[in-house]
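Down below are the structures I want you to see.
You will see subunit A twice below: alongside subunit B first, and alongside subunit C after that.
Up next, the complex of A and B:
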């Protein structure tokens, strides 16, 4: 009844908000860049003047001693000496009194255009800002001119970098707008309308005990008040009927029988149901989850760099390995805290769990911001990992608890969506923030965002444990059940674990280090790391679509592993600055395409009759993936220290491709064996 | 349905998002430009410091000790004059005694601790150091340039103003527009709420098609109650002992 009108509203508001946001950010950024270029030009001219003053001094001395300009020896060699190791200078040109160039030097010297002697002292050419200094006594006509060209390339690189950052802000702003709209509309429109729909249907069916939450001051509250008034009026009328029936019954047995018959007719229509609970929607958990994941991922692009710097500052023998420990410690903490987190969510409820997890994570972020030693930093990351496990499991439990009947898969799809969009936004904007305010303060921003998550949880998560949450199985029991499903074991060891090894070893560890070592800015590193999530998001949907409609699911799984392997060989075929982002993007695409088929393969591998149900196998798969995530940074750090970047990338790629091929062979073997033993494929 | 609307909350949210996004872009750009301008100034100071230090090194290489470099005072004065952001230039020997200083009264004094740290290579805000090294690679002393950030501040102020005006203009147009568009987009849903409320209020009149089934169901319920009430009232009206009509 309400779905089409809500869909239209959501689509229109998303379009309006995204369009307005992009337009505003683009206009403000254009103004900022124009102001910057206007103001940076005098600074470049100042640098040119300073350099020109230094370079001109010996020439001035020669001129003052009466040496003719065309008899000055070694000017070109002198210019080359000055330019050596000095970046950003496009040219040094010595020109005669008529402006004719006599000596040119510099990387863009051929782009220098002679200037008439009466021209302006500073001018903009295509390649550089040219500043001209007159040579010779001030009181006399100039004897010569020295031109210093300050290259526009660094300025243009800075402007291009800023434009990318603005695009990142646009992307994050648009995703944030959609998430916030989803949250507000669910609380103000979708949720109340759905509740009113259900309430009206129950009223119409004769359930007069239902009531709606009428506290909201807007349309939803007014609708709820009308519904409650209707329920009260109908209940009053029914009460009056009962009173009338009592009156009739006092008139004799026959009248009493007649009244009872009338009441029975009414009772057949009216039942006394339970009160309609004010159940929050999935958005109450989705927004906190999105914000929390974004807060955690703010630091993804610089964790290995910060870890390495802290380890170096502490005089560690192998800083790269300690940086890997910082990543692995987080993943291990997540893996170890997830099972107790699940039990806590089942016993104490998602609200208590998210509050505990949020506080622990906030302490972790504060600790990371203040850490001055690698061990302090690792401890802080362990706290962050415990917090991450508790918050994510609490949000998942809350989503399961409020999922409409028959729509659990869709609601949990929202969980994956929130995690992925949060990861994309956090990685990208975190790098921009770290570039501007530093790495420590970026952790403080994470802590502040977790504070916001706690406020949302206090407001949106109901107290107590929902009855729908099942107590998770113990690790040993899960492992015992999982080991009985060989197809699942193959998937776990040959696809899931290697995929995570590639993710943490390459995307989260080697790539940031390699990109940073190439001299890229922090925000550029973040942009490239973000490519993983950015490419993965649409690929997840596409992989699901392909797997649902074709029988290519297993091929997508092993194909992704092989594609990862090939991607990691790219640095041997192309320069690192091109190969790394392409490899990250291919990894995101490949792992995204394989995500849904992997879940389908888990479901297919389940043996419910033996207790190895799909949820049990899925929980064990996640645990195995975290083991792979833990292994990745250590393997990468050891390979990097022992064999260098190229070999480290190649080795991880070979592992990925080889396991993918073995998985493909295993699937072929399984397909060949099944018909032979009469098992349906 | 009159009174406050969900559209107000949505419009407020979107307006806040616009303001936040513009402010974020402006602040991030400002911080980036500040960093670039500071780096630019550092390069200029590096050129000046290297040139001045080289002047002293040339003097030392002629065979004189640092305190006796001919024209040493002129060298620091020239360094000071080469950039308007410089407020002081001095040279101290390896033990921290000031040999040449644009603040001539301080010549002969020891370097204060902050400047001694800067001379020792520690990063010190507002000071740029360049070692003066003799032909044997030994550090004879340090040239120190004291600088302010007046020109950077002026440029950043100009950039901030350059961003502020268009930002206010953009927001001045965008915020009312987004509020208007939100209310326009919300109209069908508000009408939907109104129609729903009308059905629940049982105010009479034809229900919109979307609520026809609910309206019919509620009407059926009311009719059942009406019928039951009529029957019971008829029973009440009967004299005692008479047979019931039911």
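Up next, the complex of A and C:
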């Protein structure tokens, strides 16, 4: 009864906090943007005056040589020559002494409005800032005027870009605030309350072996200590009862039977299990994961460029290929380190795993910051990849271990949500950081963030390995086990791998190229690609919610694949500049909805009795996804080179839709077969 | 006096030709043979040494446009044995040095390094084998801008379809430039009206024919009058340029004097003093740098002056386009 109330309270608190934060940022941004024009306008007018001085020089010469301006030839051609090399100039106008335009040139020359001779030297018109220079001897009345119009279009474009940047920073700030609030509330409020609730429920059910974590110095700790004292007293009473029963039993067989019956009733009423401390909530793993993924993604936007620059500096014959090697090395390291990471999480526990992964990743980021050669950089990225694999598998294992019964899909959806929010925030802020402080220092920021992750893990992750985590087996054995689980195999080959193929092949490879070919700026391309993450975030939560409460999980999985296929057909029905962003958004929504059901399906496909536990299958799923991620760009590149953009999109779409349909048929077949052989669903 | 054996050696090697002056400590002696008297290029040549504080002994001879005086001056040079011979003008240089591939030691100067100044097309006129490697102990400077560049310069002032060019048919360098101009104009779809100045019975061009030539140009529809590098026209530059104004013909010249010291409208020119100084720089390389003249390339200045006489522009109502005023040098 209390849980919904608490959740509502927490949601309200988060909403109010974020709303206040956004309002503050919006106000400051609006003020900054209006100041932007005030700051930029004088610079533009200075530029206009400098340009005007240069342009006016030969006209002044003509005047000083006595050439009548109405007989001076070539003014328009001269203006055009000047304008040819300049983007921001809206017009150059030569006006007579009375202000009447004599010669106009420039892309917005028709928007020039004549100015009276006694008017201000600088004025703002709709299309441009107009700066006027007088021509002729200083001591005499002006012979003519030269007007230089500096276009407002670049300024407006810069303001629009800044607006986007501010919006992105606002969204990232909001997401960060939500993550931090979630963590703080989980640790300080909802976690202890939920623990107390569970404790009370188990005590009420007679389980006297349960103990609450009473280390906290606050009210939650006091409550836990009281509850533990109560449980201990009850346990003492029961022990005394057992002693009395033994004493009574020594009095004869009938008494012994009576005492045993009483004891049996007491045992039936009160649980006699082993002591089991309450586990912390999922948020203990979610915030470190979010921070770690954000740290890793800070460098996403510039790693190809940095790799290419380092390769060039080393005199490499093909810098582009070496830059690709740097990217591939990271993905490969993640793929190869994930299964051993899973085993380490099971054997040594998530805490040891995340600490090891964090240290390795921090070393990798430091190495990347200090790398002066491409090979040093590649080595550093391999360390980052190994660290990424260990940290992500540790956080995932921790989340699985603490997932409330019946809410596994929602909890694992939280894992994907943390990864996605971290990726979106990291990518967005990383580009801004690299612009401001440079690429090397951005890696240092990543290392510092990993330091924070290590601190959180030290505080929040319990020591040792949770009993719920089974020991993963060798990769080959894992593969054998995974392949023996047909439901998992279908999920892997028909859903997980194709989804990654679409992600890296379409969203990260074909879409940027196509958008770039349409003439969009790099930042605009980046914003469109980020649509994927922004659409995916809410969809992940929604997908988790649906899967936990309905039987629509499998439908979401195959529906997402089919929706992806349809989205990739959009460029055939609408102009590319509209179809591509919509397709990216649909891909984000579809894959977000399918994320949690896919993880739940993995858990459902597990066969712990045969060793194919959920962590083993999850590790194998990640491996398969890495394979799909590596395959995507190569497949897209080959299709693009061989058949063109439209065909490449269509081919990837067909693969996605077809695998989705086959997965749906497989699920139908499974459902039809199970009742027939009497297997419980 | 230097030993005879050394003199023989030095007579064939430019490297040592200046050594006598250096060895004896006396200033190098330069025999300057001029075609039409001392003018600005000679000023530039002399002033260069003064600016460099390099004493030189200049011995000046002027043929006053009479090439029949050349053999006597060649003989004088052989007797004088100067450290360097300075030659002014294309026609005189050709007469003193002869063709590089048909050199006659009896008629032409030999055994003494030479520099030439105010010369057009020294390769076409066979003064040197090539600009990069003269092929004889001779080097020097050119002074007119490449003809193609001059054509562009005329078009930058005012577009045209037809140009008229008077010239002295007896001056080979002038005729060659007009010929090249004709080919360039034909290539861009324009026409050149060649106007050779009639030659009188005494074998000299007739200056009184100039007004009639310009009327002919006007009647033929010429939009520009091009004045090639031509000593005869230079001598009559006032008549030529004033008649052009009277006929409403803008003039464009290849050399400075028609604009700077007459009423020509415009010209893309090397300043004579600058060309003279550049020639002196090459002379210095021979006299004190020990360079073989045959190893010093023949060059022109890399920058030219676009001179415009504004009064003529006003009289003709042909003001320069404003873009040209950025680079032009109003006179």
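In the analysis below, the second predicted complex is superposed on the first by the 417 of 681 C-alpha atoms of A that agree within 3 Å, B and C clash if a C-alpha of one lies under 4 Å from a C-alpha of the other, contacts with A are read in each partner's own complex, and residues count from 1 in each chain.
One rule holds in what follows: a contact is a pair of C-beta atoms (placed from the backbone, for glycine too) under 8 Å apart; a residue touches a chain by one contact, two chains touch by 3 or more.
Only a predicted model underlies this, so the values are computations on that prediction, with no experimental measurement involved.
Visitor: Which partner, once the models are overlaid, touches more of subunit A's residues, subunit C or subunit B?
Guide: More residues of subunit A are touched by B.
Visitor: Considering only the touch criterion stated at the top, classify A:23 as touching first (subunit B), second (subunit C), both, or neither.
Guide: In the superposed model, A:23 contacts subunit B only, not subunit C.
Visitor: Report for A:370: first if it touches subunit B alone, second if subunit C alone, otherwise both or neither.
Guide: neither
Visitor: If we overlay the two complexes on their shared chain A, which of subunit B and subunit C does A:66 touch? Say first, second, both or neither.
Guide: After superposition on chain A, A:66 lies in contact with subunit C alone.
Visitor: Which partner chains sit in contact with A:77 here, subunit B, subunit C, both or neither? Use first/second/both/neither.
Guide: It touches subunit C, and subunit B stays clear.
Visitor: Taking the superposition on A as described, I'd like to know which of subunit B and subunit C A:160 touches: first, second, both or neither.
Guide: The answer is neither, since A:160 touches no partner chain.
Visitor: Indicate the residue numbers of subunit A shared between its subunit B interface and its subunit C interface, in ascending order.
Guide: Looking at subunit A, the two contact sets intersect at 57.
Visitor: For the complex, give me every residue of subunit A touching subunit B.
Guide: These residues of subunit A touch subunit B: 1-2, 5-6, 8-9, 12-13, 16-17, 20-21, 23-25, 27-36, 38-40, 42-44, 46-47, 50-51, 53-54, 57, 88, 158, 161-162, 165-166, 169-170, 173, 176-177, 180-181, 184-185, 188-189, 193, 196, 200-201, 203-206, 217-220, 222-223, 226-227, 229-230, 234, 237-238, 240-241, 244-245, 247-248, 251-252, 254-255, 257-259, 261-263, 265-266, 269, 432-433, 435-437.
Visitor: If we count contacts the way the header does, which residues on subunit C are in touch with subunit A in the complex?
Guide: It is residues 158, 310, 313-314, 317, 319-326, 330 of subunit C that touch subunit A.
Visitor: In their shared complex, at which residues does subunit A touch subunit C?
Guide: The contact residues of subunit A facing subunit C are 57-59, 61-62, 65-67, 71-75, 77-78, 81.
Visitor: Under the definition above, what is the set of subunit B residues touching subunit A in their complex?
Guide: Against subunit A, subunit B makes touches at 1, 3-6, 8-10, 13-14, 17-18, 21-22, 24-26, 28-33, 35-37, 40-41, 43-44, 47-48, 50-51, 82-83, 151, 155-156, 158-159, 161-163, 165-167, 170-171, 174, 177-178, 181-182, 185-186, 188-190, 192-193, 196-197, 199-202, 210-211, 214, 217-218, 220-222, 224-225, 228-229, 231-233, 235-236, 238, 240-246.
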